[in-house]
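First chain written, first letter: the chains are A, B, C and D, and each begins at residue 1.
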Amino acid sequence: MAEFLTLQSAVATYVHDGDVVALEGFTHLIPFAAGHEIIRQRRRDLTLVRLTPDLICDQLIGAGCARKLVFSWGGNPGVGSLHRFRDAVEHDWPHALELDEHTHAGLANRFVAGASGLPFAVLRAYAGTDVAAQSSSIASVTCPFTGEVLAAVAALRPDVTVIHAQQADRAGNVRLWGITGVQKESVLAATRSIVTVEEIVDDFHDDRNAVFLPSWTVTAIAHVPGGCYPSYAAGYSERDNDYYEAWDDLSRDRQVFEDWLEHQVYEQARAR
Amino acid sequence: MAEFLTLQSAVATYVHDGDVVALEGFTHLIPFAAGHEIIRQRRRDLTLVRLTPDLICDQLIGAGCARKLVFSWGGNPGVGSLHRFRDAVEHDWPHALELDEHTHAGLANRFVAGASGLPFAVLRAYAGTDVAAQSSSIASVTCPFTGEVLAAVAALRPDVTVIHAQQADRAGNVRLWGITGVQKESVLAATRSIVTVEEIVDDFHDDRNAVFLPSWTVTAIAHVPGGCYPSYAAGYSERDNDYYEAWDDLSRDRQVFEDWLEHQVYEQARAR
Amino acid sequence: MSVFSTDEIMTIAASRELAGARSCFVGIGLPSVAANLARSLHAPGLVLVYESGTIGAKPTRLPLSIGDGELARTADVVVSVPEIFNYWLQPGRIDVGMLSAAQIDRFANLNTTVIGSYDQPEVRLPGAGGAPEIASACPRVIIVMRQSKKTFVDKLDYRTTVGFGDGAGARSRLGMPGAGPCVLISDLGIFRPDPRTFEMTLTALHPGATVMGVRDATGWDLAVSGDLVETLAPTDEELEHLRRLHANSKAKATD
Amino acid sequence: MSVFSTDEIMTIAASRELAGARSCFVGIGLPSVAANLARSLHAPGLVLVYESGTIGAKPTRLPLSIGDGELARTADVVVSVPEIFNYWLQPGRIDVGMLSAAQIDRFANLNTTVIGSYDQPEVRLPGAGGAPEIASACPRVIIVMRQSKKTFVDKLDYRTTVGFGDGAGARSRLGMPGAGPCVLISDLGIFRPDPRTFEMTLTALHPGATVMGVRDATGWDLAVSGDLVETLAPTDEELEHLRRLHANSKAKATD
């Protein structure tokens, strides 16, 4: 059954140096607070996994937490580049970043295979592209009925998956709705999971078709209202689009970024 | 976009002799009225597909509509045998019935492959059993990453899938909830689809995570309240368990079954 | 001590095997009765999972079918059938699988498909359903079935579901992740796999049953444990819960 | 005739290509503007599908990202990301895919991954996202992108997405079900694949553009159609709808 912990304890206990850490949430429900806590606890050599690295991975990469990034689209949505990601790839700053790069369909199916307890998943993808050649987690498989050659992607099983959700009940069951991305698959594929939530409720609204993660599939829950800001939680908050645009300037310069890191992330640790 | 038709027209137009016809609904929302209409229109040589044939396939088989049955569990749930199914298999009455028999996981994944536009699906199943040897739609595939040998099942693409749902809106979008079985996959896998519904509504209740089939994925909709009796529609009716128990006696004897067919199915056609 | 039927002690003994389990993938009939009894008696937090996609069902009466409305209404969540098999059963997420069958052999392989030959059957049975994957994937499997020479057979007419295949090493050769049938409970006694041969071995006799009687109801040359014990008789509390469960159910409770 | 920008005629020309389409899989940026304009102008029933899983989104302002709350709130249904790719895109259920890119070659192959070498990039771009499978699976593909020698190149630095591969027959050799990029719309003109060579060929010039100007902004030896026409100038209604769409959007509209 899920443990209720502070975010600080959850990260201290369940995210280790060198871990494969998936941080999921497709535009919606991105676990920023947990990302900042990982930065504050100065985790190193992480393999970060996220379909859309977004600002959260830009921050973790810029802070020096990541050795490798597994992803499928690394931009600032609707704005442009992720400058910390680019600086790491283009100039090895703060150090080199290894990439394992997929399409959305391919990476989503790597989580599906992981959640399904299968070693791989099959899809029609990657044919004729340079993407397949770049990744050791893409291969091909032949249909035993038709002879068609299809893509195979290796199952992804993170050491820990971190997500943000709208609600947990007191038994530790988790519920999320709206754009649900690959959150269910990424939690079910992982060895451990940390869920930050907007609210802890006595009872869920009676909607059995929303994504529901039983308490026994979740390792730790932390109550962190607003824990997905500047992303959003449907029913609780709106996306701060201005923040995303401001990040473009803020993150372009190493020093400005490091000042941001100092004041917006590390200082909070010293204040505790 | 879905056409609104009477059930009679929908079956007349979209179910043809020799078709592969999936009738789905896992205990819940079984499309009995559509099954009876298929019997009344005296369709022949059908390949029926259903995870749990239930009374609906028992009736279609006894009435001589089916040449073949693709299924995974052919009993009267909680009661015992399907006597018309047994009579066809054991004594070729009213004629021989070819079987393509799976496990639930295997047949469900055949629908998943069909819905996904893939020629096959992979799962860990059938190993060491006699089931695989009996079916040409089961094979094996080797993981290109680990070398593990897994089961492969051929995609299933019915000519027509028939389901019952709680609601359609006036644009022909369909919504169903509760136990949703493989209804979404069986409709998306099929060339054509017929959906009978309890109710036609102006607007759906705002629940975007229930199974929703956009109008453009559905061929025909017929308004048939109670069209899943003696099965049930959550929110509209209860399962008639007594009917399922009574069917055990009623279906055991060929003559009693034929009387039932005459009075409960065919007479309704003459009354029109 | 109360009077009880052989069916009652079978069901109660099966429910006891669920002590400590977090979740159980339940087939309809005897397994469903035993699992619901366990939830009522000693495992109130036991998560019942049915192949209709209901996770955490808390039925107040015994369901007649695995897709009863009662299961959906009382579940924590209802998922699709592909999802229940692919995301929940297949990865071994459900601790215990509970199965029954028409025939079983000494290695706890099961037949639910046909009596006689496949092409010219004497009796056509329902078929596989979820059983083969439940028996493969669940970390532990419990089998509950009434015993006779017709059901405990030397050779299955059809192997629908693999228990221990042809014995030691078979499961790992077949790539089956779970440990297989850890216990078989009949109306006469309790059988567990021999740790070396994986043959189902009589380890407990229900009160009133004899080794001779069990042998007479077994189609193979039965192995008997050197530590044979007697099954604890049902307590009044167990009987009371079981009978209340049946009384609460309008529907027939067992297959 | 109103004054209009080259971006405006590009977007309007792209939106016209959606006439008759039932559904469109929309990338963010220029494609999203064109698709939303089509819905506003002449295709009110056009089903917009975004890779965030929103099916039938009806945004009243241009979304800044493909996972905007506005898309989820106005959608007919929201499904998971695996489902949107596996059940909806992959089987070719979505009529039209709309894409943009940093580089395109004469066979409408696209690069959104890197400028320079992969290992020592000059500019690291976002990567593949949904584009490769959109371009493979959708029955028709529309590409919208601004044109220069830097974007219309003789040789891609990286082939992220296949249009027509190395030309005739390539798509079927690769097992791609859709017909591929039926049209490429830039800020200077409109290009369609030659039916024999599958090379993108200039078939229309936007008002004010010249063949010479287009050649100067193309990195390969451009093929020009014998039936070259002028793109119909934007109507007042088209411009009005496009400008209202931008005005309604607090967010920046184009990439």
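Keep in mind that, in the parts below, a contact is a pair of C-beta atoms (placed from the backbone, for glycine too) under 8 Å apart; a residue touches a chain by one contact, two chains touch by 3 or more.
Predicted, not measured: the structure shown is a model, and the values here were computed from it.
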- Which chains, if any, touch chain B and chain D both? A
- Note on the structure: Note, CA centroid farthest from chain D's centroid sits on chain C
- Report which of A-C and B-C is connected by more C-beta pairs in contact. B-C
- Message: Centroid of chain A to centroid of chain C, CA atoms only: how many Å?
- Response: 41
- Message: Suppose each chain is reduced to the average of its Cα coordinates; what separation in Å results between chain A and chain D?
- Response: 28
- Round to the nearest whole Å and give the separation of the Cα centres of chain C and chain D. 57
- Two or more other chains in contact with one residue: find those residues in chain B. 116-118, 123-124, 148, 150, 180, 184-185, 208-209, 211
- Task: Hunt down the residues of chain D that sit against at least two other chains at once, touch-wise.
- Result: 72, 78, 86, 90, 137, 177
- Message: Chain contact topology under the given definition, line, ring, star, complete or other?
- Response: other
- In contact (per the touch rule at the top): chain pairs: A-B, A-C, A-D, B-C, B-D
- Complex contact set, residues of chain B against chain A: 116-124, 137, 139-146, 148, 150, 152, 154, 177, 180, 207-211
- Query: For the complex, which residues does chain D have touching chain A?
  - Reply: 28-29, 51-54, 63-69, 71-73, 78, 80-82, 85-86, 89-90, 113, 118, 121-133, 136-137, 158-162, 165, 170, 174-177, 250-252, 255
- Item | Parts of chain B lying in touch with chain C, wherever the complex brings them together | 26-28, 51-52, 71-75, 77-82, 85-86, 89-90, 101-105, 108-109, 111-112, 123-131, 134, 148-150, 178-182, 184-185, 211, 232, 234, 238-239, 241, 244-245
- Message: Please output the residues of chain A touching chain C within their complex, sorted ascending.
- Response: 115-118, 173, 184-185, 188, 208-209, 212, 214, 216-217
- Query: Which bits of chain C are touching chain A when the two form their complex?
  - Reply: 22-23, 47, 55-56, 72, 75-78, 86-87, 90-93, 137, 177
